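This report refers to the structure that appears directly beneath it.
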């Protein structure tokens, strides 16, 4: 008994954790499909759509981190997506306008470029803002609400209200933001014709690689001690305090990271789709992405990504093939997956694999 | 960008024994309320044209897509109709926002969009035909009417987006030049339903009339709450530019009877083409259905395009554009002529009063079709608006 | 009165009970013992229907209750005091008792009788149950089960976290109930207490019944070894 | 000046509307932990009930519709509870997503049944007119809200069923082993909460549009009331609704409708800095 | 010895109910102090106040000479105050090992948490062994039984390495063997730490306690050796009850 307090010579881990190569192998496979196969088999229009889904997947990755790992159900992720998108859109608009004013300012009766816009001429500044603005807002909101222990449904509903308020704010400042129309009609993207197939192809590769990098980063984070801590905060925030950690810090960091991811996704979305509008920030798109994450499987980052891509694809497919039934299908899909497979598609795959292993 | 071979608008669609045309409206989301009826009218026109032998000996084949009340989706679906389905032309949109989102897609691919709703002007894309009214065919006649009625103190109420804001800018310029006073200008978000405060503001300002550019469901809440605050068409008429027969039902006739509206067409407009249109529409979709201005403009769009294709002998976009100028057809609203220069229509402005039966009775019209002037170049007071 | 036959149960893929059998005769007090994590609570939960049985049967007074909902078992006369001083935290102490009384359809007198067993609850009747101390909550929990006038009272470590004098009272209360003819199934870690109260006992290990007998047998070496006293 | 004074009753009446739409939500959330995004669609169902009843009751449809809508929406809630929600107790965030799917489907159902455009519901002639700045129909809504609050309060705090409801919410497993039929209690709770949405729907026909998207216009506001009041707290919901109504009324009066919404949101965030769980909190010693 | 913990005139009122009423309570460095008292006496509340979970209505708490009122829970942990809970709370989705590892890592700077845990640190291995949870190390904590959780909580407290350990009924629900194990462990730890234990098990107390503080109705009733306390008629009256308990326990021991 007393021996336990003397320092036992611990050099080897009593619990063996063999390196699992299945994950990295699967990742490599997906990377090959994404970077080699897809660009070869898809025509430009479809490749563009896939690029769009991948931007959603980046947002979903952030939601997976914040919600799946950290328990923060954020229903306002569209806000950060939109802010990233607007930062990029503002730069593109100014770039297109040259010395003049962006088109919507002209028809909104704005005569001189608002001061807020001026620095966005500088591409470095604009790209920095893609990350800084969503990050700063998330950090501020997080600091305020998490410190006060606002959580669970409160947090979810607050972020939802944030989305609603943000849309109204953007719509109301037509001269500054383009109102409901948002920013559209871009011509040039960093010297390239934004609509040219080659540019779009390049954008596809960019978004795919960015997603890959962010995924690996998020995955490492999830497996780190911080990731464990995040899970602990999710399941017992109050108890974590008695382990000497401040859960508010952990949550704020994670929420900020997820916002930054959404911002990056928004910035990539703009040249790919050619528009950023307040509607993209709203409650519905934000919710849709959360549901996509739930469908893919929120407890695994891969599930979040998978869910977003599948949802994007399903939305396009069904609205093209069965436009009348689309809403029924979408609703039914949510109900079924969330109802029958609370761990999502990844969860189903996981339990199938385990069954096979048990059988073998 | 340089259009690739496959995306050159128009040509490819005429290949088989049908001609594909795209119909792109919101079939879901907030705007579905309005846009579904426009799609229905367009489908009716396609059916009629096919029954009459089609265009260039080929039947029209509609490809319907859902814009889902979401502007980026409009852009995506427009792209899909053009690059995948290779449609000859697209009829679509309602809100100006959806049009602004689609505009770059059509310009890039040099494809054609027919846009069927009244709008704020200040636009003239070479790849869009505007079959609804521009401001000088609706807003300005509406103002002329109010002035004529001696209503000089006006309160402006609108939804918070580009059409109402631009319309109100024009109204203010008009008022300044015509001795009218604007007592207030209020915007509410799309889908807003709480109008008691706004009503209080309006009542407190004691205007002669209200100029209403609210869109969609907000109109219902606005008129219901205005009515319960004791405002009537006699005490304070509200002139609306986005309330047609379709919306009257939803608002409740009670709540809006006697108020004026400004459009180019009413179900009650009397001419042979309209008698036929209303009968055909009710036969296809039910006797209880009403027809309205945007529906008629959508219905017209299909006919006008078909006429231009016939004249050009091809669906090829540049040829169709070139052939379109000067095409004149007797339509339910009267004579409609395409202005080749702006690709807007000559349209007759009509002021109507909402009747207890929910229909609209015309009380004033411009006598002849007004030449479209999207940039209001012929109005000296509007000089500063379109820079 | 209660008869459990080759009962199997578990959580998800983890099986905890492997063919447990036990019987409680009318008026008998049976004590279940065993180390931490051997499945005592799981056994009681399965008997009450909180966890579905994956095999075997539970019979109560001739009814096969294996597939019944917990509240139906309560209607038949099974009363349960779960481990860990459970309450309806936002209801008052009185509310806690009333809600059970109303659900059981018993007359007010049942409540008074229960309070007579735990007089210390009387001054607390208006307090919110969630704010009571652990020991107070445990007394409330037993009282709440009594209100349903059970024929069989199932108790999971009722003395855990209770001050010595009240342990004595609880013990006396159990004795009184037992004497009045109520059958009791008790999980208890205090060997001495178990020995004083039980007619029969059984020892669980790894989800199996490894030993069973009369109270006197508990003194046996084997039983003591199994309990690692 | 008169304008400013008028805003007071207007604020109260906005608050009454908020209260009425949030009441059922407070109830289902507070008692069951279910965040019901389809609440808006139950409201819509109530409104369409009034529409359908016009054929029989003419202009007094609104009165006849109140009990019927309560039943209709209640039954819809019951079906939802039985088929889906009962598998989700204790997982509020999942119910939020699940019921959102339901809400999408219900909107489409309404579109297919009644058409996409709004329908007409005429209000009773005896509700036309006003008491000072307070129109009768607003007064009617205010009374309806007060009546519902009182009824719920009595039910929750003075009835055996209400107590059972609380017991199930607070400790489901214990309730079951204490002899309470938790399934039946769940059904009843959801029935009442949804039924309240039906009543709100009827009331809304007096002042707003009746169409498939009706619910979406109110749902965010309803949630804000629930959050500011403290989830599931009846008195919290009442005070929050009235406060938000007044705030909205004055904010809009001095600025505009868009800014007013933004201001309301900002105030709520600021407010949660002081009361992170809303106005009234169910305190407990348990750690989470 | 110097006082490590000093609680001065602490009162706490919940909705008009006085749970603690002017409590003064001092614990010296290296002491093993037992805290007993009737159910509802305010023992847990006192620990809640020391650890920051509950704010006192009046009074101060000093740790190592410095006032800690107003410090947040995690800040107090960083000062070296650690505790367990009467109803154990562990992270069910994490493995036993990860639970312990988190408890052991809070002093690491945040950035260093971004790396993965590699192997098992000494502190954690020690905690695993002490609590005999080594076999369960890679199991999720959610599958642990009541008693196993209790051990895990103790393990987490050990891994945390605090200067002052507060344990709220650590042996409740444990078997006799485990009580002995816990008692030995606490004695061992108390050699170079300060430990406060709340317990109702008098048997346990008699074996391991030296100084005992008795709380009653929010007030300090008596402080002294086990025997002094047990002999006090007030303690017998409100807490211990009649002598039968004595006799009964003697049989076993």
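A, B, C, D and E label the chains in the order they appear, each numbered from 1.
In the analysis below, contacts are C-beta pairs under 8 Å (C-beta built on N, C-alpha and C of every residue); 3 or more make two chains touch, one makes a residue touch a chain.
Please read all numbers here as calculations on a predicted model, not as lab measurements.
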- Note on the structure: The chain pair with the larger count of contacting C-beta pairs, comparing C-D against A-E, is A-E
- Label of the chain whose CA centroid is most distant from the centroid of chain C: B
- Message: Using mean CA coordinates as chain centres, what's the gap between chain A and chain B in Å?
- Response: 37
- Message: Centroid from C-alpha atoms only, then distance chain B to chain C, rounded to Å. What do you get?
- Response: 75
- Query: Roughly how far is chain D from chain E, going centre to centre by Cα mean, in whole Å?
  - Reply: 46
- Note on the structure: Shared-interface residues of chain A (touching two or more other chains) are 168, 171-172, 236, 238-239, 327
- On chain B, where are the residues touching two or more other chains? 28, 160, 187, 189
- Residues of chain D that touch two or more other chains: which are they? 108, 256, 258, 261, 286-287
- Quick one: in the complex, what on chain A touches chain E? 1-2, 4-5, 7-8, 10, 12-15, 220-221, 223-226, 228-229, 231-232, 234-236, 238-247, 249, 253
- Query: Once bound in the complex, which stretches of chain B touch chain D?
  - Reply: 28-30, 32-34, 36-37, 160, 186-189, 191-194, 196-198, 200-201, 204, 217-221, 224-225, 227-230, 246-247, 249-254
- Touching chain A in the complex, chain D uses residues 29, 35, 84, 87-88, 91-94, 96-98, 100-105, 107-108, 220, 223-224, 226-227, 231, 256, 258-259, 261-262, 265-266, 268-269, 272-273, 276-278, 287-288
- Residue ranges of chain A touching chain B (in the complex, touch as defined): 43-45, 48-49, 52, 104, 106-109, 167-168, 171-172, 174, 179-182, 184-186, 193-197, 199, 273-275, 277, 279-280, 316, 319-320, 323-324, 326-327
- What residues on chain A touch chain D, complex-wise? 67, 73, 141, 144-145, 148-150, 152-154, 156-158, 160-162, 164-165, 168-169, 171-172, 236-239, 283, 287, 290-291, 294, 327-328, 330-335, 338-339, 342
